Each structure stands twice: as C-alpha cells, then as structure tokens.
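We call the chains A, B, C and D, going by the order they appear; numbering starts again at 1 in every chain.
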Amino acid sequence: MSNIPKDAIQCLDKGFVRLVDSMGGDEAIVQAARVSYGKGTTKLSQDRGLIRYLMRHRHTTPFEMVEFKFHCKMPIFVARQWVRHRTANINEYSLRYSEARDEFYYPDPEHIQFQSALNKQGRMGDVSDELKQKVREYFREISDRSFEIYSELNDAGVARELARAILPVNLYTEWYWKNDLHNLLHFVGLRSDSHAQYEIRVFSDAMAESVKAVAPFAWEAYQDYVISGLRFSRIEQSLLEQNLPVRVIDDILEDIIYQITATLHHNKPRKENELYPLYQKQGGNDAEADFMLKWDSGEIETSNVRELREFKEKLLTIKK
Amino acid sequence: MSNIPKDAIQCLDKGFVRLVDSMGGDEAIVQAARVSYGKGTTKLSQDRGLIRYLMRHRHTTPFEMVEFKFHCKMPIFVARQWVRHRTANINEYSLRYSEARDEFYYPDPEHIQFQSALNKQGRMGDVSDELKQKVREYFREISDRSFEIYSELNDAGVARELARAILPVNLYTEWYWKNDLHNLLHFVGLRSDSHAQYEIRVFSDAMAESVKAVAPFAWEAYQDYVISGLRFSRIEQSLLEQNLPVRVIDDILEDIIYQITATLHHNKPRKENELYPLYQKQGGNDAEADFMLKWDSGEIETSNVRELREFKEKLLTIKK
Amino acid sequence: MSNIPKDAIQCLDKGFVRLVDSMGGDEAIVQAARVSYGKGTTKLSQDRGLIRYLMRHRHTTPFEMVEFKFHCKMPIFVARQWVRHRTANINEYSLRYSEARDEFYYPDPEHIQFQSALNKQGRMGDVSDELKQKVREYFREISDRSFEIYSELNDAGVARELARAILPVNLYTEWYWKNDLHNLLHFVGLRSDSHAQYEIRVFSDAMAESVKAVAPFAWEAYQDYVISGLRFSRIEQSLLEQNLPVRVIDDILEDIIYQITATLHHNKPRKENELYPLYQKQGGNDAEADFMLKWDSGEIETSNVRELREFKEKLLTIKK
Amino acid sequence: MSNIPKDAIQCLDKGFVRLVDSMGGDEAIVQAARVSYGKGTTKLSQDRGLIRYLMRHRHTTPFEMVEFKFHCKMPIFVARQWVRHRTANINEYSLRYSEARDEFYYPDPEHIQFQSALNKQGRMGDVSDELKQKVREYFREISDRSFEIYSELNDAGVARELARAILPVNLYTEWYWKNDLHNLLHFVGLRSDSHAQYEIRVFSDAMAESVKAVAPFAWEAYQDYVISGLRFSRIEQSLLEQNLPVRVIDDILEDIIYQITATLHHNKPRKENELYPLYQKQGGNDAEADFMLKWDSGEIETSNVRELREFKEKLLTIKK
C-alpha cells in the first residue's frame, strides 16, 4: 500500500487521488466533433462556444475522446460504490496476493451525524460530543481488534484470502482507475451530488479538480447544463403545464404529498408509526408497504408547507 | 435480506444461488448462427455438432444470444471479486437504504487451511483442530462484536451509511445478477477454476448447474474446448519446437526453473529467505524483486523434478 | 435472407422487426428494485406507481433486468446508424459467407423530400411528382445495375467479399439483435425522435410496440418523464431564471438568435450567402466558420419571431 | 473528408491510419501490475520479463491501462467490420450533416482474386488480366454513375440523408477511433490474421505499427503467446491423447475429414454438387445442410492428405 504521494490530493484521513496521466483535453473534444460534422481539421475560433453547444445539445461522443488515469486509495466501502461505474478499467491491490496493512478510516467528528429522518440514505443533525467520541472509539476498537486477529492468523500461517474475511470495510484499499471524460463527468455528477455519501464525495470532488484542469470548458459546460440541469426548451415552458397529462399531474401530486409529509415531520419529528397516518391525512393514497419503500428510498426534499399546499391546489385546478 | 428460497442451491453456510429466469438455450445459439451464415431459419439436423463447431472455432457471438438472471446471496469479499465481471447487470441490497442483518460467513473446518507456500493466492495443507477452532472463534468474535456495535449505533440514531463501515467483509449481501451465456461461461471458467478462491468457486459451480440445464450442449463444448482446452503445457508439441523463437524458449526455461524451485520447496519446505538462493541455484536469472513478484503472483505449478530437468535439457539443446 | 415472417411488423418496403424472445417485464423491474431497497420479495400493491417513481428519480438499474431479442431486416444505411448502440449483442448476415440477394430499399414517394434548409440532417417540403419519379428511377437504376454487375462477377468466380463492395447502402441486410430494456428505451428515445432519420424511425417505432406490450408501465413512464422531459423540480422553476449565471444567459441568447434567423429564413428563404449576414443582423456574434458548423449540425427549431424577440428582451433585462 | 496527412500511414488507394495520441506504454502496464500485486511503485529491473509473464499467464487488466487514439479513413465495407469491436469510442463523418466526396476504393489488380473454393470468406488464385480489367471498370462505372446521380439529386435539393442511400460501400468514410491496448491487440489479432479480409488487414497492420512503437514489449509478447499461440492443431500432444474424451476424438475426426475433403478439392477442384458425396466418401456423417454450413463458414485448412489419413487412423485406434 502506498503512502500519500506528493502530487496527490489527500482524501479522508489516509486516502488520496492522484492524476497519473491524461490524454487530450478541450481541444480533443473539438477535434473529434469537427470530423463528425465534416469540417476536417480546420481551426475554429471559439472552442469554448462549440463545447458548450455540444454539451447543451447532448452530443456526447466527442467527450469520450479524452482519457484520465488516476491512482487512488480509499476505504473498501467507498470502493464498493465506485466500482459500480462499469466503463472504467481497474487494477486493484489484492488481499489474496498481499498482506493487508494497518490502515483504517476513522471519521472526523464533524462527519459523524444522525441518520436522516427524511432520507434513508442520508445524514443530518448535530450529534453530541459524547456520542461522536463513542463512535470513534468503536471504529478504533473494531479496526484494532480485527487487525490484531488478522496478524495472529497470518503469523500462524492461515491462508491470507481467508484471514482477510474478518477485516471491516473501513480498511483502505488502492487502485489504478482509468476512464474517459464523458463517463468521468457522469461519475462526478452522481458522486459529487449532495445526495451521495460524504466519503465518496470527497474522492469525486478531488477528481473533479483534475477535470477542471485538463478540460476546463467541458467542466464548465457540464456544470451549467447537466448539474444545474438547464436545458434550453425548459426555460419558457409555463405553457407545458396546460398540457400535462392527468397521470403526470397525479405523480406530481403524489410527490407533493410526500414532501408535505416530510416537511411536517422535519419541523416536528414524529415516531415511525405516526408517519403513514400523517401521510394519509395529507391525501396520500399509497398502501403502507409502498409508502415505506418510497419513504426509505431517500429522495424526498423538504420545502415550505404553505407553498407546497398552494401548488397542490393549483394542480388540482389544472386537473379539472 | 432473503432466507434461502426452496428452489435455490445453498452456497456456503448462509448463501445461495437461484436461477430466476433465462432466455433461450442451445437452440437460440444455433438460430443466431444460421442468420450470420445466411442459412435463414431452416432446421438443421445436428444442433449439438454445430454448437461444438462454433465453440471449437471461437465463433463467440451466437453464445451472447442466451441470457440468465440469478438471485444470489454471498459474503461481501466474494461479491467484491464477482463484481469485476463488468458485462453483468446488477441490483444489490444497499446498506445505505436498509439495515444490515446479523448474517456472517463462518468457514467450515475443512476449508480452514494454511497459506500456500507455492501460490500467493492459494491454500494448502491440514491445519490442526486447535487452530481451526481458534479461527472459527475469531470469526465469531469479530462478527458478533461488530454487529453489536453496529446495532448500538443504529439505536442511537447514527447514520446507517456510516455505522456499516465497521462491519467485516464476511457479512452477507444479496443481489440480482444478469448476464449472457458467453460472459457467464467466461465467469465460470475463471471462478470454477482450481486457482479461484474456494468461497467464490462454490457460487460459480452452482451457476454452472443452471448453464448445464439450460444449454447442455454449449456447456459440454465449453468444457471440452476451453476448460480442458490446450494451454501452456502443450508447448512440447514436436513440430512447434522446431519453430520456437529463442525468446520463447527462454521464457519456457524461465517457467521451468520456477517450477523446479516450487517443486523442490513443496517436497521439502524452505524458509522464505532460502527461496531466492534456491531459485538461483537452478539457473534462475531474475533479480530478487522480480523473483518475489512472480513467485507471489500465484500461478506456479509443481511437477516431477526429474521430468522438468529433462525437458530443460531438451530445450537447451534446441536453443543451440 | 428472410422473407417477412407472419409475426413480424413490416418496416419500409421489404424490412421487418420481429420480437423473437423476451425475459421479464414490469414485474421484473419491481422485483429487482425491492432487492436493492431491502424489501425482499414481498408483493407490493402498486407496481405501476413504483415503476413511475423509479423512472422519475432516474433509478435506472432495475430497468436493465428486462431483456429483448429481435430479428430485423433493414437497409445497410439504417444498420450503420443502429450499430452505434454498443450495448447490444448482434449476429448479422455476412456478405463474405453468403451471396447478396436482390433486395433494395426504394423510398415511398411521400418520403422523398428536400434537404431541410434549417436542419442539416433533416428533410422538408413537397417535392414535385416529376422529381419524385426521377429519384425512384435513379434508385432502381443503381440497384439494378449494381446487382447485375455483382451477379456477373459472382458467376465469373470473383471473391464475394470483393464483389459486394460495389453494392449500394440501400441493400437490405438482416440480424438478430438483443438488448436490455434500459438501453432499448434509450435507443427508442433517440431513434423515434422527430430528428431521427425517417428510415430508422420506422424500425424504432416497431420495436416500441414490443416494449409497450412487454413492459407497459415502464413504457408509459419513459414517455412521461424522459421523452416529454418532465422532471419534478422543473415544474415550478420560474425562480431559477433569477439565478441564471451570465454565461448561461449568453448561451440562451445565442440559441434564440439562431432560432430567429432560422425562422426568418423559413418564412422567406434566403440564398446560402445571405444567411450569415442575416444572423449578424439579429445580433449574432459567432465567426462565420462557427456559424456554419452550428447551422449545419441540425438542431435549430423555428418558432414565432415576435415571441422569440420578447424572450430575448426579457433575458437581456435579467442579465443587467 | 481529409486528404492523407503527412504523418499517416497510407492504406489502400485513398485511406490512411494516423496515430493522433496515446497514453502510457510498456511502463504503464508494469506500473498497474505492481499495484495489484502490492509492490507499490518500486522500480523493477526487468519490465520486459514481467510483461511477457503477464501475457503468458493471461493477466490482461494491466494492458487496459494504455490508450490509443487514431484518425482513420477507410471504405464503408471496411468500417462495417471494424465497428463490431464495441469497446472503442468513435466519432464518424456523417453523411446526414455533410456531403459525400467523390472518393471510392478501387482494388489493385493484384488483390482481385477468385472466391476461394475452400473458404467461403476468402480469395484465391490468379485472375486473368482481362477479368481484372473488367472488375476495375465495373468498380469505376458504379462509383462514377452513383456519384453523378448523388450530385444531381443534391443539386436538385433532395435530402442528403436520402440521396446517400444509393452510394456503394466502396465509398470512403472517416473517423476518430479510441481504444485501450488490450482490446486493440485483440482487434489486431483478429484483423491482421490471414483469414481476415485483405482490405481491413491493411488498416490493422498499420495500427500494429503504432502498437510496436508505443509498447514494444507488449507487442512482442502478444505475438509470441497469442498470435503464435498454441491452438487446435496442438491436439496431438502425446499425454493429452490418452485423456481425450470420446466426444472430442469424434470432433477431431470430423475436422480431419473436412480437411481431407478440402485438400482433395484443392488438389483437383470439384463441382459444387460433387463436394458432399466426396465428403461422405471420406467417412463424413454430417447431413448435407450441416455440411454446407460448416463448409461455408470458412475455417477449413488444407494439408497433406497422407498425413491427415495417418492421423485419422491413429485417432481411431485411440478411440477403441
């Protein structure tokens, strides 16, 4: 396992992201687009404008012509989320071949938070210093004890591939990871999002720094058109509301009722068994099992109850 | 998390593989091949012969026309190897959304073995009952204690996505996994191999049962031409030897010297620091760092020292 | 080459799409989602609502659990666009193995149109019956003559793989094509779009019929949330306009100026060399080479000039 | 469309391959392998030996860490084969956006050959100068006439996407193509093979030059272990024969009988309708439809009839 190299960005307490190599940048995107549109290799004056245009109109293949290779070190539970992005090439440190090293992730106090009541996959709120202390002690206890046992089994000659099975997922691992810009942006879009787990967001943000440096126009355009979600036709579509099919109005109403429930619960927390009745009282029609699944899937945002209710009324009017 | 369904094959102590659905079989392979060769959809008499022919001559695309979907439950360290097969579609149980259940893998006594002295990623030998007992106690200790802490943190309201970071990789997880026959055979070829880790081999063998049932001719042909297929050891084939370039003879000599070293070590185990001198004594030329890397990478087979030496002499003769 | 099977949907004059097999449907999507959210395999009451929810919130992996296999016959120039969707498995009729058959695509009179003046990759307007007649005669001339030569070369024993090089891309080819629902919906989204070439749209629409039949809820949700582009947060975002970064306002202004130019040109067609001056007169700042590239790339929509100008003024106000 | 750039390798009469960019080389392979085996980033002495070792033992992922980007121009029928390699990223010249240029492939006289009698996808033999002349005239006739019509339709304002449908597949197209070393080697392995069509082999050979220059050790190892690698013919290896299952012996016998038939036919060509009886006379058991399909699929090699018959006898002996 590697220590943090000088040219790397430190991530969490012992991890890092390091750009090892890259191929192409903004100019490679423009170059590829010109071939598709039959403009040969003539230089255009405004690469930035063209890149923004390509991004805005979802012409994605030119962005695949830029390639990045990173050297990264992260806890196993982060690696487990990361590896789901299947277009990347990976060479990972193997615990069958090599011994584990005593390197575990301990969360900073500020990132020890409560389970979000609104978002099954989120955190919220201020935890007492006492509980923070306890969490850190528990992380240390399990890490120390599991590594002690692992070492003892190793010394006794037990197969490494078996002994490692007792190591927790806060153990650090390490890999080379290679991907193209289009897919890297998609990764960053999902993993630097506020709904992503803090611990992978740190790594995604670090990779974003490399994207910014290597392809600044592409980065900027991605922010404006994908992350901030602005698409041209969407800007002036108040008319659309008049043409909404009834089933979509029903879906929006459904979401609003969830949001009202979540906001009420946020303002004055309820017990678990009071949530479904609260939801029903707002007009919710889902069966309890469905309610629980959606409530748990973690995408409900809170807002202003009054505004939500007004919007609900407006929709009910449109629907008639 | 699911208990073991009735129609599933149990794997390890608490895991399983269950074929949920499949599309096509031997007949779908033949059907696709006929289109490529312009034979329309006329029925041929001998599907089996054609499938064997396609496999023998590496015409692989028709095998992609058959699809399998499995429901599986396995320890995290097994899932980590499994997920590297990137063509599959996966929906996995999420520990951000849902609570972990108290289900951990404890190895059977018979599969608790020593680290292989010859294969950095293997096991060998008989461990004493005492040590086996100790390993199982340690697995139980870490599993119990980590789950106890996890539960306490959960009850205290700590975010699930954080609390789960102390759970060890012998915890069970669960997923739906879908892949085509060509890639499934490749998976089984690698993971049912004797060099694969026992714990994933069990799952691979279970999926192989489904392949056998759904596409028996394809399975048989794969066994005959890929698994039993001719590999490196076939190098001695007489005509070929006359045409071997010197650099390939050198590579074979290199492998033979590793095999002689490994066989001598197997017959009479040496200490770690005696291995490199032993290797040099057999005529090995690698630097020590290179020697260690290759020795550790886990592919060295043992054989009969006398035969290996004779083969070495023969090669040296050819080389001159 | 196959004639049109009974259970196929005819496409163009001699092509077809036929659903050969499928695996799973709406229920398979729900089943996979339940595993991810830890809800086991319990039956929920409202599959439709859950599928709409998954689509609305971009949880795409459960849609990968459904698989389709089609048998299709289409002109080569259509196959060339089609094959760019890289996740599919394909077995295509080979002109190296087999002889070409005398089957060429001749466009219906109603689909013979002029090059769009606004869209480099589109058609528009009513062509005279005389020109339509001429186009069809030319298609027939080249098809007949090339096939005559091909046959003569074949009879003379010339290699098929070479002789076929003179056949035009309106020749029909044939394949088996297999893909999952998520990627199939993406295909249909792009290829059934009004900007797609008519000749591939026909095939995409035919495959859409199978999607509708096999996974009706998924199809409906895809229409509502991806095709009609309705996302929840977008419904009430007049506030957003107040927060637009200046560079995005500039991009929208750029697009509006192109739209004004295109609309003016549509209402009263200009000569090619008058377009750039017209564009400049509306306030366009792109250099001529950039203007031509964007004008040619085929995404400019026309609208009402007065409304566009009002919107432009509004944006200029916001920008200050 | 681009003319042949100075730094490109010309391919066929008007095409080319040009390496635009690359990322990494032999050292990047070694670097990635070291991370997997936990050797950090320490320099080893013998990169070449390690690369040969990785190739020999099929550790393929480190080879994915090297990336190549090419600019290429080739006839459409070549592009159609090329695009089947699905891991590559592609940006191709579009005939919907841009006008076709008058650039068609005309085969050199020396590559105008007869259809192979033995290989449904091959060429063989010397064609008379007269026939060669005729082939070239026909290529020119169709190319000229189709381009003439295309131009006339273009001038009349007919939609480009429609007019292009009459252009033959010997028209040149152009693209940027990006792939990693592992998959590029696989491409070269298949397309530089003697069974590949001459016209794509030329491009594959040109790309191979870049591989040689960028990653010479990897290239050499690939040649030695995959291309020259031991394939079906190695079956005679003595020890193996004793362990062959009967069904594999039957398959080998089947192949030998095809080879004997092909060799007899090669030595003294038969009419098409005499082939199946000839095959049956040698002991072949396939039904005629199966015989034709396999005969046509193009993999039958010729050899020495006497040796083949001796081998057949030996196998029949083993089988008893």
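The rule is simple: contacts are C-beta pairs under 8 Å (C-beta built on N, C-alpha and C of every residue); 3 or more make two chains touch, one makes a residue touch a chain.
Just so we're clear, the structure is a prediction, and the values are computed from it rather than from any experiment.
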Query raised in the report: Chains in contact with subunit B and with subunit C: which ones?
Result: A, D
**Report entry** Most widely separated chain from subunit B, with each centre as the mean of CA atoms
**Finding:** C
**Report entry** Whole-Å gap between the CA centroids of subunit A and subunit C
**Finding:** 30
**Report entry** Mean-CA-position distance for subunit D and subunit A (Å)
**Finding:** 42
**Report entry** Contacts with 2+ other chains: residues of subunit C
**Finding:** 37, 90, 94, 97-98, 296-297
Query raised in the report: Hey, which residues of subunit D end up touching subunit B in the complex?
Result: 34, 37, 39, 42, 44-46, 49-50, 52-53, 56-57, 59, 220, 224, 228, 230-232, 234-237, 240, 245, 247-248, 251, 254-255, 286-287, 289-290, 292-294, 296-297, 299
Report summary line: Listed in rising order, the residues of subunit D that touch subunit A in the complex are 1-2, 20-24, 28, 31-33, 35-38, 40-41, 61-62, 64-65, 67, 69, 71, 89-94, 97-99, 174-176, 178, 180
Report task. Going by the contact rule at the top, pick out the subunit B residues touching subunit A in the complex. Result -> 75-77, 80, 83-84, 86, 90, 94, 96-98, 105, 107, 111-116, 120-123, 127, 131, 134-135, 138-139, 141-143, 145-146, 149, 152-154, 156-162, 164-170, 197, 199, 296-298
